[in-house]
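Some structures are shown below for you to check.
One chain, chain A, appears in both complexes that follow, with chain B as partner in the first and chain C in the second.
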Partner chain A sequence: MEGYLPWQWCVVWWFIALPCLVFGIYRLKKVLEMDHEALPLLGVTGGFIFILSSLKLPSITGSCSHPTGTGLSAVCFGPWITSVVCAIVLLFQSLFLAHGGLSVLGANVVSMGIIGPIAGYIVYRALRDTRVNMYLTVFLACAIADLFTYITTSLELALATPAEVGGITSSFVLFMGIFAFTQVPLAIVEGIVLALVFKYIVQLKPDIILRLKVFPEEKIRAARGEA
Partner chain B sequence: MAFKYRLEILTILAILGFCALFLYTSSIMNEAEFAGADTQGSALVAEITGKSEEEFQPLIWQWSPPSGEIEAGIFALQAAIGGIMVGWVFGYWKGQKKTA
Partner chain C sequence: MYEEFLEDIAQTNGLREVNTYLKLSAGLGAILLCLLSQNYIAPLFIAIVLSGTILLLAKIDARTYGGLFVLPLTFAIMSVAVIVLISGGEETFWSWNPLPWLSLAVTQESLNEGFFVFCRVIGGMSALIFIALTTPMTDLFVVMRQCHVPEVVLDLAMMIYRSIFMIMDQLVQIYHAQVMRLGYGSFRESIQSFSTLCGAVFIGSWSAGEDLIRAMDARCYDGKFAVLGETRPLEALPVLTVALFLGLSMLLVFLARDLTIMGAGS
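Let's turn to the complex of A and B:
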C-alpha cells in the first residue's frame, strides 16, 4: 500500500529490513557454497512463495487476502534466507502490480520476510527435537508464519496511524480485525498444503533435508517408513 | 499412521472445507464484495486519519496495471514462474532418483 505509511515509518522499516537482507544474502551464499544441492530445494520453497503469494483467496470476513508461503522456506533455510526470497517477490509485486511499493517495501519485508518467518522458525525449533510429528511441525510453523505476517502488518499500520481515541492499541485491534482475522482460514489451508509439499520433498530427496539438518535422522526415517 | 495417503486426504478435505466455507459466507453475506484486505485497510487508514483516500498518493512513483484483467494476468504470471520452479526441481529430483 504505497503512500499509506508516512515516510518516517518507511525509513524506520527499511532500516530494520536492510541489515537482515544483507545477512540473508551472506547466509545464502554460504549455504549454496557448502552444498550445491541446496539450490533446487531453494527453488521449491521459493517457488511456493511465488505461487501462494499470487493467490488472492476469499475468506469468512467477505474480503480477500494472500497466503504467504514463507513457512516452508523458514523451516528449511531459516528466516534470513527467506527474507531475501520475499524481497524478490515483493519487489516483483511493487514494480508490476502496484501491490505494496518501493517506499513500503521495507515494511513489507519486515512483516512477510522477517517477523513472520521468525515466528514460524521459533515454532519449528521448539518442536523439532520433540516427539511431535514432523508434518504437524511443518503445518504449525507455516500457519504461524502466515498469521504473524499479518499481525505485523496490522502493527505497522497501527503504529503509523494511532486512533484519536485509544491510540495505537485501539487502531491495532481494528487493523487486526481486517488483516489477521481474515487470515485465519487461509493460514490453516496454507499450513496443510505446505506440510504435504514437505512430505513429497522428504520422499524424493531425503538426503538434502538431512544434510541441512532440518530434522533429525530418526524422524525422517520414521516418516519414510510410515508414509 | 498405517494409511499411506493420510496427509493427501487431509489436504483435500481442508481445501473442500475452505470452498464450503466460502460458499456459505458468500450466500449469507449479500453485501460482501470480497475486496482485498488491503483495500479495506486503506479505507481504515483514511477513516482514522480523517483524510480522503485520494490524499494518499504514492511516495515513490509507481506503475500500476491499467485494468483488473491485466493485473490478473500478471498475478497469473507470478504463479506460473513459481510453478515452473517447483515442477522443474521435482522433475530433477525424480530423474536423479531413477539414475541413482
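Let's turn to the complex of A and C:
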C-alpha cells in the first residue's frame, strides 16, 4: 500500500528487485527470439495473475491476502521471466485498481515476483523428473509459491515495524500468524484451481507445454491418455 | 463481479488533455515527498490539494473517488492499530503482556508514529489515485517508449493490458452463466466451477491472443507494437501550478520537520 513502508525500505527492496528484473528481461528476450508464439501465453498468464490477485481479502497487516497465481507462470517460464510479468502486473494493479503502490512496488515484486516463484520453481524442479503425478507437482508448486510470497511479505512488514519487545522476530511471528488464517486455505485453493487450469491446457493445447519442455513428453502423453 | 476499472474513468477525465509528463511529475513528486516527510502535515496537505484537483478539475464523481479510499483506509486503520500496539515507547498509556515474546502497549510515541503512518498512507494513496484517474495506460505506454523501456517489456505490457480486458469480458459472461445454473451452490461446486471458469477463460483468451499475433505477423509485426502518441504541449499555467504545489509541499516537509500530533516524542 502506497506510503506504508518508510522510504529507506522502499529503496532497499527496489535494489533487490532490479537485478532480478534485468536478468528476467534478458531471459524474456531469449525466449521470445526462440519462440515468438510464447508472447500470447505470457500475456494471458499475466492477465490471469492480475485477475487472481485482485481478489483481495483484508488482513490486519498493512497488506492483504489474495491469491497470487504466479505458480503457473513460474512452472512454464521459470522464476525470472515471472518476475518481469509480475512487475508489469503490479504496476497495472496500482494504476487500474489503486491496489499496491508505486513506492512499494519494489517490495511487492520481491515477495510476489521473485521469492514466491523461486520457491515454487524449486518444488517443480525437484518433482519434475520423479514419478510424482504431474498435476500434484503443479498444485504443490503453486501453493508453495503463494505461501512463500506471504512469508516474504511478513518479513518485509516485520523489518519495517519491529516490535519493541522481541524486535523483528516477534513482529515477524505476529504478522505470519495473522496472515496464516487467510493465506493457508487460499494457497490450497489456488493450488487446486491452477492445477485444474494446467489440466485444461494439457488436454486442449499441449503443444506449447511440449515446446517449452515443461514436463517430459511421456508424462504429458500419459496424462492425455495417448501412451 | 468486479469494480469498474479506473482506466475507464481515466479515459474521460477532465485532465485528459494535460501533458502526461506534467501529471506524472505532480503524482510521483507527491509520492516521493510523502515518503520523505517526517511530519504528518505535508502528506495531509498533499492529500487535500490532490483530492481537490481530482474532484474539481478532473471532475471525478465524489462517490466514486470516496469509494476508492474505502479499501486502503480499512487496511490503513488495521495496520496502524498494529503499529500503535507493538512499536512501544516511554510514555505508556496502556499495556498488556499476553505472551512472553509479545508485549502490546499504547504509548505517546506509538500514537504519534501510528498517526504519522496513517497520514502518509492517505497522502500516498491520493497521489497514486491521482495518477490512476487522470492518466490512462495508453498515455503511459507512450511515455514508457520515450523513456526507452526495453521493447520486450513494453510488448509484454501491452499484451497483458489487452488480455486483461479480454479475460474480464469472458470471465463475466461465463461466471453469470454458471451462477444462473447454480454452479456456486456448495464449496465443492464452487471450486469445480471456478476452475472450469479459469480454465475456459485461460484457453479462450490465449487463442484470442494467438489470433492477434498471427494477424499482426501478417501485417509485418517485428516484435514492436506501434504506439500512436501525441505529446500535448506544456502550457505555462499548469506548469506553474504543479511547481507551486510541489514547492509548497517541499516547504512543509522541511519546515515542519518532525512535528507530531501528540507533541513531545522523538
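Everything that follows uses one rule, which is that the second predicted complex is superposed on the first by the 213 of 227 C-alpha atoms of A that agree within 3 Å, B and C clash if a C-alpha of one lies under 4 Å from a C-alpha of the other, contacts with A are read in each partner's own complex, and residues count from 1 in each chain.
We take it that a contact is a pair of C-beta atoms (placed from the backbone, for glycine too) under 8 Å apart; a residue touches a chain by one contact, two chains touch by 3 or more.
This one's a predicted model, so the numbers in the text were calculated from it and none came from an experiment.
> Fit or clash for chain B plus chain C once both are placed on chain A?
clash
> With both complexes superposed on chain A, which partner does A:V173 reach: first (chain B), second (chain C), both or neither?
After superposing on A, A:V173 lies in contact with chain C but is clear of chain B.
> On the A-aligned overlay, A:S54 touches which partner chain: chain B = first, chain C = second, or both, or neither?
Both partners.
> Applying the document's definition of touch, where does A:V132 land relative to chain B and chain C: first, second, both, or neither?
A:V132 contacts neither chain B nor chain C.
> First (chain B), second (chain C), both or neither: which does A:K29 touch?
second
> In the superposed arrangement, does A:S94 touch chain B (first), chain C (second), both or neither?
A:S94 sits against chain B and chain C alike.
> For A:L18 in the superposed arrangement: first (chain B), second (chain C), both or neither?
In the superposition, A:L18 touches no partner, neither chain B nor chain C.
> When the complexes are fitted on the C-alpha atoms of A, one of 94-102, 148-156 or 184-192 in chain C overlaps chain B. Which is it?
After superposing on chain A, the clashing stretch of chain C is 184-192.
> Do any residues of chain A touch both chain B and chain C, and if so, which are they?
After superposing on chain A, chain A residues 1-4, 7, 10, 40-41, 43-44, 46-48, 50-51, 54, 56, 58-64, 89, 92, 94-99, 101-103, 161, 163-164, 171, 174, 189, 192-193, 196, 199-200, 204-205 contact both chain B and chain C.
> In their shared complex, at which residues does chain A touch chain C?
1-4, 6-7, 10, 25, 28-29, 32, 36-37, 39-44, 46-48, 50-51, 54, 56, 58-64, 84-85, 88-89, 91-92, 94-99, 101-103, 161, 163-166, 169-171, 173-174, 189, 192-194, 196-197, 199-201, 204-205
> For the complex, which residues does chain B have touching chain A?
The touching residues are 1-2, 4, 6-8, 10-11, 14-15, 18, 21-22, 25-26, 29, 31-42, 44-45, 48-49, 56-60, 62-65, 71, 74-76, 78-79, 81-86, 88-90, 92-94, 96-97.
> What does chain C use to touch chain A in their complex?
Touch residues, chain C against chain A: 2-3, 5-7, 28, 31-32, 34-36, 43, 68, 71-72, 74-76, 78-79, 81-83, 86-89, 101-103, 105, 117, 120-125, 127-129, 131-132, 135, 137, 140, 150, 152-153, 155-157, 159-164, 166-168, 171, 191, 194-196, 198-200, 202-203, 205-206, 209-210, 212-213, 217, 223.
> For a test of understanding, state which residues of chain A touch chain B in their complex under the given definition.
Contact set of chain A toward chain B: 1-4, 7, 10, 40-41, 43-44, 46-65, 89, 92-99, 101-103, 135, 153, 157, 161-164, 171, 174-175, 178-179, 182-183, 185, 188-189, 192-193, 195-196, 199-200, 204-205, 226-227.
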